[in-house]
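To start, the structure itself, in structure tokens.
Letters A, B and C name the chains as they come in the text, with residue numbers starting at 1 for each one.
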Amino acid sequence: MPPHESQLMPQGLKYFLTRFIGALITMLVGTIVVFFVMKAAPGDPALVVLGDFATPETIARFNSDQGLDQPELIQYFNWLSGIVHFDFGQSLSVSKGEDIGDLIAYRLPSTFIIGIYALTIAICLSLILGTLAATKRGTLVDTGATSLAVLGVSMPDFWLGYMLILGLSIGLGWFPSYGFVRPSASVIGALHSGFLPALAIAAPMAAVFTRTLRTSLIENLDRDHVRVALSFGHTGRFIFLHHVFRNSIIPYIVVIGLQIRYLLGGVVIIERIFGINGIGSLMVEAAFARDYYVVQACAVVFLGVVLTVNFAVDLICASLDPRRAR
Amino acid sequence: MNQPLLDVRNLSVAFEMGNGHLTVASEVSFSLEKGKVLGLIGESGSGKTVTSMAILRLLSDNARVTADHVKFRGTDIHKLPEVEFDRLRGSDIAMIFQDPVGSFNPVKTIGWHFLNVGRRHRREANSKQALTNLAQDALAKVDIADPGSALRKYPHQLSGGMLQRCLIALVLFCKPSLIVADEPTTNLDNLVERQIVGLFDKLRHEIDASFIFITHDMTIAEQVSDSMIVMYAGQIVEQGETREILRTPRHPYTRGLVQTARELEGDVDTLTEIAGDIGTGTWSENRCRFAPRCPLHESACDHAIPLYDIPGHGKVRCIKAEREDHAA
Amino acid sequence: MKFSALIKNRTALAGTIITCIFLLAVVFGPMISPWASGGFDFLNVLKPPSWQHPFGTDSLGRDVATRVLEGARISLMISVSGVLGAMILGITAGLFAGYKGGWFDAIVMRIVDLFFAFPAFVLALFLMVALGFGVTNVALAIMLVYLPLFARITRNTTGIVRNDAYVQAARVMGQSTPRILFREILPNISAPILVQASVAVAFGIVIESGLSFIGLGVQPPTPSLGVIMADGQEYFRRAPWVLTLTGLTVTVALLALNLLGDGLRDLADPRLKARDA
């Protein structure tokens, strides 16, 4: 009978393709939902641009220019085909006439950087706290770490943002409370100005990560193969790294993937508070300005980011755990 | 060399619980010669697993292990610092656990396990290829048909029987002098169980190592062990050469076990049952622990019973056996 | 080890106690408060916390503590009604999907996946733009955000238990499907659902206050916790206590709900407690 070692390969490929196509379909359906829900919103794009006192003729001309007099399905396809080429249309009110694609391209990096910054802080904090809590289970260290975790999940992130401003910015003056310096201008400036917002977003995430890691490590410390490895004389460090930590990493990564959703949501308010010009604040501005096209575009961008991250997390987990890629 | 490989004197194990401690094994003493197999018989709760784990210092932190000495090749290994004892584990003393499925890391291949164990214990192999070859040899020795393919597999892709063979091979790979096998066949179905027992029987003659073989099955013990210890409720109740004990079991518990084993081998309509069960909770020090289930129980049994030495037979913890011997 | 076992019980206990105190305060507080709700007092504008005004006063001289209690009531009402709606619709969908399987299940799960592909807050924001602002729409948005969550856990747990003995027995006895779903299956899977519900109410409050905070949720003068904090944001440097103490109240409430949820989870699954030898 031929060996099975290549069984994982074609199955892995199948897994990859199924997931990828699934993500594409979800993306497609997402665009449909976003478009048609936005259509149902109260308000008229024409009035937004032209003002409330526009005459019916100018409104009609606007509508035909924008293609708004065509059947909604056609409008959707036009929009969709635009998106595929990264053409989101022009802004109605946030920045009149400006290409939305350019707007987003300008604003996306800030959100991206703050997001990565927050994620990094959260991962570092949780790796330390989670490992400490699990290895020193039952002691004061554990209780302390777990309590911090519960606290972290209980604080609304925008409130935490303000508390950080109160303490570290107004109080101690260590960090700025407003504005974000782009890394292209100054890396140190970016790290400095981005610290408080990143921390505000990171805290609840770090709390969830810590609890997950701690639970996972504790479960794995009890596993039989750990004891077996011990009986073979492996060192504590080897066992912890390869038998405990390596096995705990998968649920940890899954949770990180799940929390990305939260991360993107938290970015929105934090950007407003700290005056960061990112996608989140763009969406809020657009919401106030009734710029439906921008809101739509932002929603689609968020959707795309989440789906991409989910897909990446799925792939990483499948490669780490041979039982998943079945 | 007239010194036994392993000499244990008065080993006791207690666990610290929230409100006191629970003694699960007391005053276990035995010695094991080089190249011999010691059978450790008992039911669940008898303390057999805990005893063997205690020898290898594998118990959790809330276990209190005390002994007069635990001498391996003349050195008291329980007095060694953890770092030095670690060196013995695997290379000199190794353990085959009961559940083969849980014993391998599910996210790593079998080959990975061999490589890492090999890097530690088979230093003479200086390349990955050399280790792989040695691993394949080890797998072949436990009758695995396609060693190369087995090494590339993950644990969930192999059956329980295959995994147990791999685990045995992994242990043998380290060439230890003392191997503790904790009920290696209990979790397998009968047919596979027979194969593995047959494997053990073959191996013990081929390999220059001593075994402690833990089981609850007298027939298996008969097949593979040279000497045996029968444990009940944390104490040794009978101890001696296997053939002698099976021929004339002197402790009522041992008698029950042997009788049941014989009946299972034969073709009987009803099985003799040892009434009652082992129970839970702490044991009193001042009576025979088997008394509640013993058909020969009398008032004299309500004292602490020592392990009597019966010349030509072994040791028995029973007043009746001692009296019979004197009468003879 | 004995210590941590006590702690675990204590957390659930603490959570329950604080939640109850909170609920009592929210329900009865405004009634027994000496300060009229919405009463302006321009002589006492932006006063720091004192015995008369435990949370200080805001820019219109109103007693912040009273306003916070009113706001908490409104925020809680919004969150609870949103979550309740999500539970009713989501659990029903999940029960049918998990039990029947087939194309219905596939469609429901695809829809759920879609909702999960949007960040919760972004989804809520989007819905507010589509629906318009105001109290009812915030509750509606919260309901739509949590509907998929309840659908998913219900469907997953139903799928696990649908072949259990008591379900098969009911089927054999000829009980109608809705009866089986609601009388037999639902009570048995209620534990994880209730745990999720407590967490959902907690975060519903966060979502509501977040939306109101940026002005896209509850509109002033209706007080909700988010509205009060938005107010406090305007004069944050001068009078930080308004925002700080309001947010602290939210934190305490969330803490209580989280502890409660944790306690419920521990009760449901004792394996997760600290283990001994």
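By our rule, a contact is a pair of C-beta atoms (placed from the backbone, for glycine too) under 8 Å apart; a residue touches a chain by one contact, two chains touch by 3 or more.
Model, not experiment: these values are computed from the prediction.
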Query = If you average the Cα atoms per chain, which one ends up farthest from subunit A?
reply = B
Inquiry  = Of the pairs A-C and A-B, which shows more C-beta pairs in contact?
reply    = A-C
Euclidean distance of C-alpha centroids - subunit B vs subunit C, Å = 55
Message = Please tell me the distance, in whole Å, between the geometric centres of subunit A and subunit C computed from their C-alpha atoms.
response = 22
Note = CA centroids of subunit A and subunit B: separation to the nearest Å works out as 54
Multi-chain contact sites of subunit C, meaning residues that touch two or more partners = 1
Inquiry  = Taking the touch rule as given, give the residues of subunit C at its contact with subunit A in the complex, in rising order.
reply    = 1, 3-4, 7, 11, 110, 113-114, 116-122, 125-132, 202, 206, 209-210, 213-216, 229, 233, 236-237, 240, 243-244, 247-248, 250-252, 254-255, 258-259, 262, 272, 274-275
Request  = Using the touch definition up top, name the residues of subunit A that touch subunit B in the complex.
outcome  = 1, 3-5, 223-225, 227-235, 238, 242-243, 246-247, 250, 320-323
Contacting residues of subunit A [partner subunit C, same complex] = 25-27, 29-30, 33-34, 37-38, 40-42, 137-138, 142-143, 150-151, 153-159, 162-163, 165-166, 170, 215, 218, 222, 261-266, 268-269, 272-273, 283-284, 287-288, 290, 292, 295, 298-299, 302-303, 306-307, 310
Residues on subunit B engaged by subunit A in the complex (per definition of touch) = 56, 58, 86-91, 94-95, 97, 99, 102-108, 116-117, 120-121, 146, 148-149, 152-154, 156-157, 167, 170, 174
